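First comes the structure, then the notes that go with it.
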Amino acid sequence: MSRLQTRMATAVAVTALAAAPAFLGVFSITLLNYIGIYALVALGLVLMTGIGGMVSFGQASFVGIAAYATAWTSALMGYSPWLGLLLALVMTGLVAAVIGAVTLRLGGHFLSLSTIAWGLAIYFSFGNIDGLGNYNGIASIPPISIGSHSLADSADIYYLIWGALIAAMLGTHNLLNSRVGRAIRALRGGNALVESLGINAFQVRLVTFVAAALMAAVAGWLYAHMTRFISPTPFDVHVSIDYLMMALVGGSSHLLGAVVGAALVTLMKNYIQDLLPLLAPNTSGRLEIVVFSVLFILFLQRARDGIVPYVARWLPPPRQEFPGKAEPLPRRRQPAKGTPLLKVDAAVRRFGGLVAVNEVSFELRAGEILGLIGPNGAGKSTMFNLITGALRPSGGKIVFAGRDITRAAPRHIARAGIARTFQHVKLRPRMSLLDNVLLGLYPRTSAGYVASALRLDRAEERRARHEAIKQLERVGLGARPFELAGNLPLGNQRILEIARALAADPILLLLDEPAAGLRRREKLALAELLRSLRAEGLTILLVEHDMDFVMNLVDRIVVMDFGCKIGEGAPQTVRNDPRVQEAYLGGVA
Amino acid sequence: MNAQIAAILTMDGVATGAIYVLMALGFVLIFSVTRIVFVPFGDIAAFTALTLAALESRQFPGTVGLVAVLAVAATAMELFAILRARSFARIPRALFFYLVLPLLPAGVMGFVSGATLNAPLRIIVTVALILPIAPLLDRIVFRPIADASVLLLLIVSVALHFALSGMGLIFFGPEGVRTQSLTDFSVTAAGVPISGESILIVVAAAIFCLLLFLFFEFTIQGKALQATAMNRTGARLMGIRPAHAGTVAFLLGSAMAAISGVLIAPVNTIFYDSGFIIGLKAFVGAIIGGLVSFPLTAAGSLFVGVLESFAAFESSPFKEVTVFSLLIPVLLWRSYTLLQPEEDGEE
Amino acid sequence: MGLLAIENLSVSYGKVEAIRNVSLKVEAGEIVTVIGPNGAGKTTLLMTIIGLLPCRGRILFNGEDITGLDTERRVEMGFGLVPERRELFAEMSVYDNLLLGAFSRRDGTAAVRRSIDEVFDRFPRLRERRNQNAGTLSGGERQMLAFARALMSKPTLLMLDEPSLGLAPLIVKEVFRIIPFLRDLGVSILLIEQNARSALETANYGYVMETGEIVRQGLASELIHDPQLIATYLGGQERAH
């Protein structure tokens, strides 16, 4: 769809929503109110599950905490519902933060299963606290009022509900197209890449989890003041499953999926509730949950991606705006050429009985290209992982720019100015080339969640996009920045990793087999690029097997074999060293 | 609380904990081999208790209907797959394994229902009826999405639990049951009465843990299961089919669930939906073991049992809350001790 | 006809083609090697032949089309693979790893025990460590175990993915001594190696793979003297000795 068409479609949809109370009866408006509230919860799930890869079975209990908080404030204590909203947000946010803090470091299923248990625990708590009306719940909750206007009518609160939903969708949409949004999208697929880019994966997960809980909190607040009565039942675990179902059926990778899913599941529930007693008169509601669960399972088996992505496939792709000119981002000062930059001192790494790196020492001076060579399995990639913090050394010391980084976390090392590529390419194949490179810019930019959701990050974003396209052009991939990274040939995926690493404006660049999978002409272009980077003062450490490539490019070489350093020096010296020939050229036969 | 009450609570807790041990081991077994967190585990235990109660009161157990529905569905899916692959030679085998074998115990039921069975025979028939459920569910629900991520499998598993508890209501009705005691023996040690039921539970749990251990250590099938859990690709290269290993894991796991159902039936009133919470408590034990370690899982489950027993004494309505709140410190500890998988493979 | 024949094999990861139109043959009793740089698709090729990756094209084994069969069935038919990552059962003993190597055999416990004894005779180091967990072995011992475990299934065709990877020169020598010996026992071998010289010295026939395609093939004894190959893979210049 063109931009104009998208805007027109949005305008029509908003007008239709705004005019709905004038045409529809109370029953339909109430149904729409429920859909709006459910969609708000599902939107949070889309953000955390579909996009961030975390599954929660406890979203209903977040809705419940908020609903009880506001009910207690307004119905029992007699304060304004707006104070209730504040308490609802604070309580839900706190609970989510605690739950997230203890589970988000573990594998995904630990979080999910814990949310079931806590969902139940919170449900039982509601039912057993005398001050909250036990299983009878809290009645006569006052309606929300704006000024002196009370939103007691379903047609009145309708505008508040859908206004909140649309605001949340806009905010989430903005968020996803921002610096933090890209970090959230990069979470799926593991921490190794994310951390190597200087992103605190745990923190991004935690904030995303809390953000989703806060959307549920707003929904809970609206729910309490719309129904004016709450009991523990609508906050039970199986309601959480309904929310999850809405997000997944709609399509958990699209924001619209939340609304489509909420509408579809709500309408279908109504329909099935009406239909089942006719089909099987004696089951009195027992079949409902079976039919629903079976439908959900079938859906997950057959169409995991949901409805919206399926429909979106038939629509023309949204037009992407080519990044324009902008003031360049500030750059780091490169250290003076020839000064010591990295010192690896007797580094050791053991895996069980295997010594992968055995007391290896070498130094890297600013502005040089050092080649690390050796047969496959000699420990070169392990060495890379020790320098970048992906692995902790079992012994020895690593100093970078005067700072001991031996036990530093990968993201701190990345922020100190070391950027890397991976032997087994780590990209986000379903993000565009541009977005993949923008990930590298994360530490150089600073817009946070709130600024991004409110679009206050645009000036910085323009500069970042300009920088990203510059790096793409530099490595020769600037022609189609909106292509998905997964569609590139493997050789070019490695080149894309270099663009991403360069985007971080590093002092030291670590390249793990950058020329693997490239054709001859591409290799020459890559060598040219690396030379020009060196001329700019960048320091490069590279592992490579293509000897022609290495010998014509690097200033010095370190040779590893069987975990040990067996040689070091200028290319010619190393080439003529008999020990190196013995090991590297296969001293067999 | 005095020392004697504490001792009684501990005894009770150990007995409950022993049941959780069996279930938690089943959890870990199924998860490590198939990557499926089998949430309906508790439902299977509850259905066992309900089946046993039905046999006791000489009613026709709803299990037969449930197994029949599942067997027909699984057979249909298997036949469909065979017809599509045009490998007709596999039809008799499929009919035998998915239709005849699961329905055999149900057929036996046709003969014995109404007859009075003695207690051991009742238990055997019950377990035989229950055993096919989990492998059939595996075939119907999980096999088509065997390549899915752990999280998707988990979502499906939770949805499956709700489907099953709904079916439980249809096939077993809403009434709670409690079966006859297996023994009325009782002793008093140091002024603390110990019921024979508790002893029986602990002994039975110990025996079945030992059997599981022997199976893993001394049979090639057991080793194949371990191998699949450790390294799927490696196992496939040896010719071990993960799907087959999964079926064995589900069979063993549901045997553990069935036994815990038999043991819990005389001490707790069980409803069609009681299994979920029992299963989740066992799961807390499994988390203590990090979903991998069998000994730690057993220790954790015993601890959960004891904690629950004390919590119930202090404040009965909040005992579930107490047990589930235990997850917070446990997970906090676990998040610093468990190695996390490097990449979760969703790239 | 050949023992193994691959016709126009292509493999894709998503939209990216990792292997394009590869055809190759292994005759019974032969050692065939595929050499080429990292990232050329050699490992992908072996994974496809054993059935771990879906492909287009045909794979024939003893003339029978096995393209649609699963990995386990191929193992039962006589395929063996020593993967690059070894894929050992790290928390199991050396003995149990070997036992599982014979999982696809149907000739009884006694025969399997005899095979284990034979394997221990061949790799005495493994006998010394029979009760030790595989995860605690050194790199060379792991490779020996991976080798031995693959032999336990009595394969007709053994595929080796970079057997010299990460091994000390002395052990590499040992590995390349065993390969012809296995051939003499009647096992055909498909060898993937980065150590191109050793591979060509051992093999009868060789293929060169680059960016997913076969770019050269010929008798190993001829390839090893090919000036272009020498420049690219055999170490830039002739060895000093």
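To keep things simple, chains are lettered A, B and C as they appear, and every chain counts its residues starting from 1.
Quick note on the criterion: a contact is a pair of C-beta atoms (placed from the backbone, for glycine too) under 8 Å apart; a residue touches a chain by one contact, two chains touch by 3 or more.
Since the model is a prediction, treat every value here as computed from it, not as a measurement.
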I'd like the most central chain, judged by C-alpha centroids against the all-protein C-alpha centroid. A
Set A-C beside B-C; more C-beta pairs touch across A-C
Can you check how far apart subunit A and subunit B are, centre to centre, with Cα atoms defining each centre and the answer in Å? 35
Chain centre separation in whole Å, for subunit C relative to subunit B (CA means): 42
Return the residues of subunit A touching two or more other chains; collapse runs of consecutive numbers into ranges. 429
The positions of subunit C in contact with two or more other chains are 90
So in the complex, which bits of subunit A are touching subunit C? 352-354, 375-379, 429, 486-491, 493, 513, 516-519, 545-548, 551, 562, 575-576, 578, 581-589
What residues on subunit B touch subunit A, complex-wise? 37, 39, 141, 144-145, 148, 150-152, 154-156, 158-160, 162-163, 165-167, 169-170, 277, 280, 283-284, 287, 291, 317-318, 320-321, 324-325, 327-328, 331-332, 334-336, 338, 340-347
Per the touch rule, the subunit A residues reaching subunit B in their complex are 53, 55, 57, 98-99, 102-103, 105-110, 112-114, 116-118, 120-121, 124-125, 127-128, 188-192, 238, 241, 244-245, 248, 283, 286-290, 292-294, 296-297, 300-301, 304, 426-429
Interfacial residue positions of subunit C with respect to subunit A in the complex: 14-18, 37-40, 90, 135-139, 141-142, 162, 164-169, 172-173, 176, 194-198, 201, 211, 231-232, 234-236, 239-240
Partner subunit B, residues of subunit C touching it in the complex: 50, 52, 70-72, 75-76, 80-81, 83, 87-92, 96, 99-101, 103-104, 149-150, 153
